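Common to both upcoming complexes is chain A, partnered first by chain B, then by chain C.
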Partner chain A sequence: MNHNLNITASCRIRDGKVYLNNKEVFNGESSEDFPAFIKSAYQNLGLKYGKFHKMDSLSKLGFIASEYIFSEMDVGSLDKENTAIVLANSSSSLDTDIRHHNSIKDASNFYPSPAVFVYTLPNIVMGEICIKNKIQGENAFFIFDEFNAQTLIEPIEILFEETETKACLGGWVEFLEGKYEAFLFFIEKESNKGKLAFNVPNMNQLYL
Partner chain B sequence: MEAFATKLKEQIITHLNLEDLTPEEVGLDDPLFGEGLGLDSIDALELIVFLEKEYGIKIENPEEGKQIFESVNTIAKFIQKNKNT
Partner chain C sequence: MKPTAYILSDNMISSLGFSTQEHITAFRKGQSGISTYNTLDSSFFVSKVNEQRKKEEWAKLNVQEEYTNLEQLFILSISKTLENTGINPQSKDTLFILSSTKGNIEALSQSNNANAFLGKMAKNVGKYFNLSYQPQVISTACISGTLACVFANRYIRSGRYKHVIVSGGDIISDFTLSGFNSFKALGTTSCKPFDKNRDGVNLGEGVGTILFSSKKRAQGNNIYIGGGASSNDANHISGPSRTGDGLFLTIKKAMEQAGLSSNDLGYISAHGTATPYNDEMEAKAFHLAQLQDVPLNSFKGYFGHTLGAAGILESIGGIQSLLHNELYPSPGFEEIGVSQTVPVIKEHKEKQMNHILKTASGFGGCNSSIIFSKE
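Now for the complex of A and B:
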């Protein structure tokens, strides 16, 4: 396997806080719930991206984590066609699936929302990140019981080995019934930035 | 009519989660799609559901949608014309 892959950036969102490269960059602990917290994190980034407000919670979480990572990078210089995205979580899109189900379970009040329905797949979060940043590389979304560095490293290494992938946004994006956690990282081949090897111990250290 | 269109505008902003927009920023005759407010095809479907849920109006012919959803004013006129028929 490839041993010249480096983690050049990472973002962790958990318990009302955003950490970029292991440093706290936003504290939204005073927010009363996830919608308020993630909106304040969005405002903290200074973004003007109307589509954000239409996203479901899983997409908002992954999107904001990716925007924090990209906020310190020259996104314009990325090889967009060869930048991959590999994400995983344990609850898939269940939170939005439940919302959609609630809108159709009563035949006398049957008003399914198209804007909710389109998020009833977990990989839509990757689409949102790709649309915003014009990323067109390989992508995959996995469902695991829990975060496991090795299970994320393997498919990403295969992408670098067997495709033209030059960089990869990877990570864990989990949301269910108000509980959330995101841990995204950016992997580059032979990069001089950061020089943190893409391996299990380093991933676990960044995740903790 | 203008009071109704203004109320409708606020309903649309809320229903479509257009949180970056204030009612004052949306003109009653501004195009809703394309270069106007930039609504997309999912928003169009949401507007169809919105009309049925809030005003009990079904759009039977999808071809009509383009004219109906041109602006807040065209939607307001369509509702006024159809809500009691």
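Now for the complex of A and C:
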């Protein structure tokens, strides 16, 4: 199907490195763990955003990937009501679910925290990205066993076909027990910026 | 002409029963399934599926393999929905979408927590129906079920699939009870959506299933999806918008897609969680959409907040209202308690309608609306 949909930016975060549009833009391999690494990426972006420090790991990961993508764009010029976010992963919010679960499993040491519980949903990361950038378009979070370009492309194509969506931040954002991976991309209709068609081969190329 | 998503069949499972018909009977009487439940050294008002009834229903399926409690409920609801429809879930033109917020979250207490993965749950349910593909899972907080229906409409309209089975479910767990309790969001009595004495939500469990199809029902009385949308408030991750603008945006987009104006809507199946902030926000959104005179109810007073099932169970409730031209009372409601007044339904009555609206909002600032129309 010809949609004239193009990938106008992409960001991959994996193994302590950040790639923007397939080029390494930050190397944080020397960080000893994920919290240290993601904080160094935050500093690398030159961000001053207090809410970042309250986020759980999944939200921090997705948020930083989105900030790299938006760092080279004029976010203010987006049609905010028609910019969508569609994300997916395999472990939902299980990393934070386990934290909440551990806080309630012992009746004599019972300490559930609302600040933890709110992150026991995978779509909170989309909320964080929307708040930062004032994005109000379509929101959907899907769960797939593993990254699969085709299953991720389908719901995004459908948004462009069946709604007034003009642009979409899509991708894969996965965090569980210290293991992480983010692959976010920005899709626009008939954009002149870097014509890279939104299709399975191009997605797989960028994901590699 | 794009295909239309018609409703071929549906099923509801909650404290009120294991069929849509049992639910209609309860709705007509305004009968709630909310009761007290003791756990975590406290007593909570919740809506639980009858355990004995579930065992009997499950035994009828004569299944040898092991499934979790929630998977059994999914399988029962989907099986009942597919009965006598002639739809083969294995065929390539059929898509399966499951919606859930926490799935088998209780598996975290087990030594092997593999079942806690939503994808594993979907695979287990798919295995029962011999699917060659993995059901899609939508997990977008409390709009999951509504959003699954909105996507079903898009998948059918785009011509990609002829049939879409949408099934949403969640169960009562110490996980969600302790979490909502830590937020001080739980009601101290049976919940009272839109009432001035409302003080919080009651959690509920259940599964709702709808079979959408590009084919109409042969026996007539066809209901279809007119339009739908989702949005984000871009305001706060755990508090509803103070203005209702995010929810309003979805209502506006859904009405535009359906080609309707505010006068065309006969009824609203609201999210109505009975927390002070949600109901206030929703009332504001209805005013922004000029729907302040459209009668509404919240099904939360019947079977609590069923999380990932809510959007589907409450859509089916609304569809039944539309089909039978009747309005069901909103249990727990006595006196309006939102700053911008809305007409909450107090008693069962007849009303001729052609279009209805279902709304939902959730953590993360997400909102969703869907319109069902009569042909």
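Definition applied: the second predicted complex is superposed on the first by the 206 of 208 C-alpha atoms of A that agree within 3 Å, B and C clash if a C-alpha of one lies under 4 Å from a C-alpha of the other, contacts with A are read in each partner's own complex, and residues count from 1 in each chain.
Assume a contact is a pair of C-beta atoms (placed from the backbone, for glycine too) under 8 Å apart; a residue touches a chain by one contact, two chains touch by 3 or more.
This structure is a prediction, so every number in the text was calculated from the model and none was measured.
Trainee: Should A:113 be classified as contacting the first partner (chain B), the second (chain C), both, or neither?
Mentor: both
Trainee: So, does A:48 touch the first partner chain B, the second partner chain C, both, or neither?
Mentor: first
Trainee: In the overlaid three-chain picture, which partner chain does A:67 touch, first (chain B) or second (chain C), both, or neither?
Mentor: The answer is neither, since A:67 touches no partner chain.
Trainee: Give one of first, second, both or neither to describe whether A:188 is in contact with chain B, with chain C, with both, or with none.
Mentor: The answer is neither, since A:188 touches no partner chain.
Trainee: Just chain B (first), just chain C (second), both, or neither: which does A:56 touch?
Mentor: After superposition on chain A, A:56 lies in contact with neither partner.
Trainee: Is chain A touched at more residues by chain B or by chain C?
Mentor: C
Trainee: Would you please give the residues of chain A that touch chain B in one complex and also touch chain C in the other complex?
Mentor: In the superposed arrangement, which is not itself an observed complex, chain A uses residues 112-114, 118 for both chain B and chain C.
Trainee: Touching residues of chain A toward chain B in the complex: what are they?
Mentor: Chain A residues touching chain B: 48, 50, 53-54, 111-115, 118.
Trainee: Hey, which residues of chain B end up touching chain A in the complex?
Mentor: Listed in rising order, the residues of chain B that touch chain A are 16-21, 38, 42-43, 45-46, 49, 52-53.
Trainee: What residues of chain A sit close enough to touch chain C in their complex?
Mentor: Within the complex, chain A touches chain C at residues 80-81, 85, 90-92, 94, 97-98, 100-101, 104-105, 107, 110, 112-114, 117-118, 120-124, 126-128, 130-131, 133-145, 151, 154-155, 158-159, 161-164.
Trainee: Residue numbers of chain C touching chain A in their complex, please.
Mentor: Chain C residues touching chain A: 40-41, 101-103, 105, 108-109, 116-119, 122-123, 134, 136-141, 143, 147, 151, 153-155, 157-158, 160, 174-175, 178-183, 229-238, 246, 249, 253, 257, 362-366.
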